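Okay, so chain A shows up in both of these, paired with chain B first and chain C after.
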Partner chain A sequence: MAINQDLFHYPEAAKELFIRTEDITFRDGTRVSAEEIWEFLTKEAPVRFPHAFDNGRYNRNRISGDIALPYSLKDEYLSLTFNDRMLKAKQKGIPVAFVQGGQCVDPYYAAGAIALRPASVNQWAACQREGVTFTQAQVLREDDKERASQSISFEVCNTAGYEYIQEGSLPVDMIAPYSCLRCSDVSYSLEAHRHGKRQDVKLFLGDFPMADQKNKEWAVEYFAENIKRLIRSIDELTGRETTEEDLRKEIILHNEGRRLSREIAELWWAPDTPPTNGKDRRAILQMGGMEVHGDPEASLCVLREGKRFIEERVRKGVKGHGLIDKPARIFLCGSCVFPSDYRIEEGGGVIVGTDNHWSNISTLVEETGDPYYNLAKATLSYPYEQNVYERAKWTAEQIRKSRADGVLFMYNWGCNTQSAMARMLCDEIKKLVNVPTLIIEHEFQASQSEQLLNRVSAFVEML
Partner chain B sequence: MSKVTAFAGVDVGSLGTKTVIMAEGEIIGSAIIRTGINTEENGWNGLNAALENAGLTRDDLAYVVATGYGRISAPYANKTVTEITCHAKGAHYIHPQTKTIIDMGGQDCKAIRLDDDGNVADFAMNDKCAAGTGRFLEVMANVFKVSLDELGPLSLSATEVLPVSSTCTVFAESETVSLLARGEKPENIIVGIHHAISKRVGGMFSRVGVQNDVFFSGGVAKNVGMRKALEEALQIKIVEPRKDPQLAGAIGAAVIAESAWKRGR
Partner chain C sequence: MTLQSVELIRKRVAERPAELAEARTNGQKVVGWQGYNLPEELIYALGLIPVRIGAGGDDRLVEIGARYISTKNCVYVRETVGLFAENKDPIVQNTDFLAFDATCLQTYRTAEILEYYFNKEVVVLGVPRNFYWPEAQVYFTKEVEHFTGRLEELSGARLDHDKLAETIELYNRIRGAIVEIYEYQAERERLISWEETYDIIHAGYVLDRKEYLRMLEGTLRELQEAQGRPAPEEEDEARIFISGSVIPPGDKKLIHIINAVGGRIVGDDLWSGLIPYLDVHIGENTVEGVALAYINRTPHGALPYLELETDKRIKRLKELVKNYKAHGVIYHTLRYCDPYSFKAKETKDVLAAEGIPLLEIHTEYSGSDYEAIRTRIEAFVEMLKIRNFETLRN
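For the complex of A and B:
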């Protein structure tokens, strides 16, 4: 049967400029040149991952199309080589941990492991399926969801991770959630592990103290002990002994990513018309968390180069690809989910920021002194995990900095924590910055419903 | 004869496709047709019917705005706008003092708050539950073997309001069948259904904050029983529309079309 699929092609005309850009250096010391990346994206990847090249309106993750922005292509490269790189790391005996609870990943890398959040594990699983079209990929995602709904809960989200780990098709060595009030996902993954077949996968639960924890000395010290316990657990997998110095070095490395991300955000927020579209904003800022591609060094390479391009675009007044002049600026709060950037941009808006992972990306860790204590102090200070008033104050500050015109609070169906918080947080934000807010419940499924996108479009029109 | 510069608003909803033709701020033609399975064709058919009603041809149209769920397949439109914005503009056109809109369409129900210029200030939308939708009432009409248009007048002859607790379409249908089986009068059940829906949608209105004047738009707004039940449940007075409230979205789209054309967009 012939399949009619509108596929994106990188234009040959963009090659010359792109291949002159920098290599990516990976954590294991290997490198990939821009020319090799170009070859992969134009020849190999479209054959192996046709779904990722689907250029249809309903593919909210479709390729950005900003071909003059090298980091956008490098981000695609890192996403599409996820399975290749993870399998290579596994062959070298590097353990992989499935992490949850908004934690930073410094301790995992200090101890010689790779830490992946649910979205990254999903990306890994998606890259295991080669040669599938966009529609086929959607059907497979729905199948994943159904399987997890049946075995865990019908409210479950981020499903590929749980089930693939338990089935053994994703060779994860450790499940390591923090018990913070971030999302209900933690309980789902614990349930998946409890009933699953892979009891050999190590389980680590970081016990997260609650209520003004960052200002209580005992809580910081208690959580520092949890981080020590985490590192000892990883050491049991690797057979090595992680030192304080290892952790300190890792914190310095990850702080560079966090700093770069903050600096890029300040640059990006300055012009009335942002220098990139929403997808490329999200891609570069997420890299500052050093988790998203499973390789902090690779993320740093892209961040350093990306900052220079953003600086240049802002200086020259370059308008983001597909954006209208002075779009309505939306700050996104809530769960880890987001509406289609492209649909928002079609309607004359743009997402300028998020609160979720930005909370930990924008929190620097003290570099001198006891690294365990410093990391614990930083983790317990993440604004997203504070009480609603403190979280609202921090969010209001980000709204002012990003010059957002409105706030969209979007929570996943089944994300009980964020749904309970939505109204109160929005009311507080309104008091502090007096911008319109809209709360939307989102169902985790392969494609976003027209009803959901309709509300978002109406909100953009309203702004 | 001088050439007319006309503007069209096409609202392709789940049950009905509504089209309005405007010239110099006045409605000169309109059409309401049943929505079929070909979304694009529905829009074209609606447009042709409204043009015929106005005595115009496609060449007379300067600008077309499409709205409703079918707007994503509207090659005939110069611009697409959500029905939330269009209902706001349409209600403001029909009744400029409108501050709150209750919109009950075929597949969803919305509460919209407006500013003085007819712009959306806030909105809430129910698309999870069938209560408050035309489709729900259509299913109920089918149980009573009457047309949708007859439900409202029938409910006005009720002697008491029977409680109907289910607002899930399937369970409400079973509950209605049970009430009929035990000999209850259809009109008392119908008024109970209207009251159940009113209570269910009440929460949305408290979220956006009800302010007078309140305008009731969408196909369900033609149901006098529903209108009465809403007035009682929400303790509000709904304004008498001087135009067909089912056309509100299409009118808004036509208003936006004229304004966009004048601004050169």
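For the complex of A and C:
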């Protein structure tokens, strides 16, 4: 029986403007033109990845629809070519490492590896399955997750890619996350790989010390040593020797991404009605982490061009696609959580910022001096990883800057550390900025339950 | 029949809160602590009174604690928060400040919550996850020195070398006595049960340490005198070893069920049981010596170790199962206790390769799963008995 899907199509009318935009240059020096991207998005991708073009209300990842925003299309292109690009890199002998979300990836790239966070690993796996509908993709993803639950625990939230790397098909070479406090599951799931089928996968833990870590010289030195060992470990895979200069250069490159994201955020936050919808805000700001596409140079290309478009829109007073005038502004807290931007926007709200995937992006690394020490110092300074008072103080500052009217704290089922923090952080934020807060538990799926969406909508309405 | 010394220990535990209150009136400070890599010796050597805090088995306190932490945290930390929220527990009431380590990240968060909501002064000791690296040992040593410095500030005393040496000697003797009592509890003669031994260990969480050592030595004397007593008629057909998540004072559900269905517990490697007393080899009577001894013990499950073949925790588990002649392992996991839940399947596979059966019991402190657990354990005990019978027959 055929299933009728409401699929998104890029309108031909948008082509002319888009193909005049810039090429994307990749880390290996190759390029793709805007015209080639357009061809891919309008002809090849809808056939190979119909799930990504699902335009249903329950698909929180559905294509933005802001066709006049080239970076939005380019971000889709980079997401949908994940499998193609990773396999190409693998053929060239580039190792792939699984990392934690919300951490910097400078050392991995300095050593010549590709660093992928959990969401990127999931995206890679999703792109391996061609011709499936959104619903089929959801069911298959649930099956994948079930395999990890069987092998690790049904209470696992972050599986460190176990279902794909050990039980499935992704040729990841190394599991090497930092053990930040943001997520404890990733460390235990990393350990679970030791009893998996693939004993050739290298395991490494970047031991992120805790308890006032950024103010303790010995903690910074210890973490710097972790970064050194991480790089040596990748060097064993590549057969090359990474130098201090390689790391310094990579820091400078990644700092550019971090700076651009900060500047774009300031621009985006300024108008009463933001210049893009929530999905496109998230897409461009997360690019500053330089890991979302598995290719920092490609992310940087899109980021540079994206900044110009945001500047222009703000200057001209262009309103974000699908937004009402002066929407209720929501700041989102918590790890690995994405409420449906579209449903929030239907209700008259918009997500204006997050603490996760922003704490690391908004922390610049000193470019002169010992790069290991500098990187360690910056990483241990991530506001998200500090005690409740410091994290709340920084979050309150972001709330003020983004002019948010309310705070939504979400955590995934099974996430011990963020759930433990939720009430305490919200209570402290209320003291500092006196905005309403809502805490919601969330199931990690691309489709979202009506129950969850109702609660978020009611919160938006109240604001 | 319960030993007289065990009766006395239980009596002294009941009397202890009043003593703590009196000591505080006389100017002494009481430090409530929780963790695995936190060296209690340092607290004691500074003239502070250490009490290990945390309890289990009370669903009401779990519910109270969840209002501050969350329902996605293990019941042990929720109950710990509940104890402070309610503030009726006489030990908790008598703590002047708290000391936690960052071994288990939920415990670490608990420390933050106790500080935030209940205005407790908390000293936190960082613990490295790559604990077996030389650099990690340097880091931990500095953390322990820093921790000691904070304790000195709070106590107003300086750590004295002779006092530390004397304390280490005292604690070494306590550890030695506990290990010796554990050997007795596993004997065929059943002069003392595992449950009594477990109570003795928990008594050590609160009693004055010098008095505690005297009592342990009293128990050992009594056990030595009772040797030669005829063994009970009942056979040891289902000797069970308990592994996994913490079973703190007050959490008796699993223990009652095992006994009720005819199993006999003969050993454990629990955080709240024997394991903290094993492998503490303090080379030098210094802060560094203490730090290195603690970090080189059998690691806690919350510290990831990336090579299965050389994992000291697994190795120790196998040795203990063998030493106490256990027929099977009940692997106890608390809901949302990720450090141990995530290892259940692996541990089962590892022990299966040695011919040791393992049953995982995943539970919390409510009584609603009592009968379901009872059915599973009864079947496991029955299976062990049949296996033993068939082994003997063949």
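Here is the rule we go by: the second predicted complex is superposed on the first by the 452 of 463 C-alpha atoms of A that agree within 3 Å, B and C clash if a C-alpha of one lies under 4 Å from a C-alpha of the other, contacts with A are read in each partner's own complex, and residues count from 1 in each chain.
To be clear about the criterion, a residue touches a chain if its C-beta (ideal position, glycine included) is under 8 Å from a C-beta of that chain, and two chains touch if they have at least 3 such contacts.
In this text, all values refer to a predicted model and were calculated from it rather than measured experimentally.
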item	value
First, second, both or neither for A:Glu191, with chain B first and chain C second	second
Touching partner for A:Ser169 - first (chain B), second (chain C), both, neither	neither
Touching partner for A:Asn215 - first (chain B), second (chain C), both, neither	neither
First (chain B), second (chain C), both or neither touched by A:Thr243	neither
First (chain B), second (chain C), both or neither touched by A:Met424	second
Touching partner for A:Glu461 - first (chain B), second (chain C), both, neither	first
Touching partner for A:Ser33 - first (chain B), second (chain C), both, neither	neither
Chain B versus chain C as contact partner of A:Glu450, first or second or both or neither	first
Chain touching more of chain A, residue-wise (chain B, chain C)	C
Overlapping contact positions on chain A, where the chain C interface meets the chain B interface	441
Touching residues on chain B, where the partner in the complex is chain A	69, 72, 81-85, 108, 119-123, 125, 127-128
Parts of chain C lying in touch with chain A, wherever the complex brings them together	67-74, 77, 102, 105-106, 108-110, 112-113, 116-117, 124-126, 128-130, 133, 135-136, 138-139, 142-143, 146, 304-308, 335-336, 338-339, 341-346, 349
Chain C-touching residues of chain A, taken from the complex the two chains share	150-153, 155-156, 179, 181, 184-185, 187-192, 194-195, 203-205, 207-213, 216, 218-219, 221-222, 225-226, 229, 387-388, 411, 413-417, 419-424, 427-428, 441
Of chain A, residues touching chain B in the complex	57, 436, 438, 441, 450-451, 454-455, 457-458, 461-462
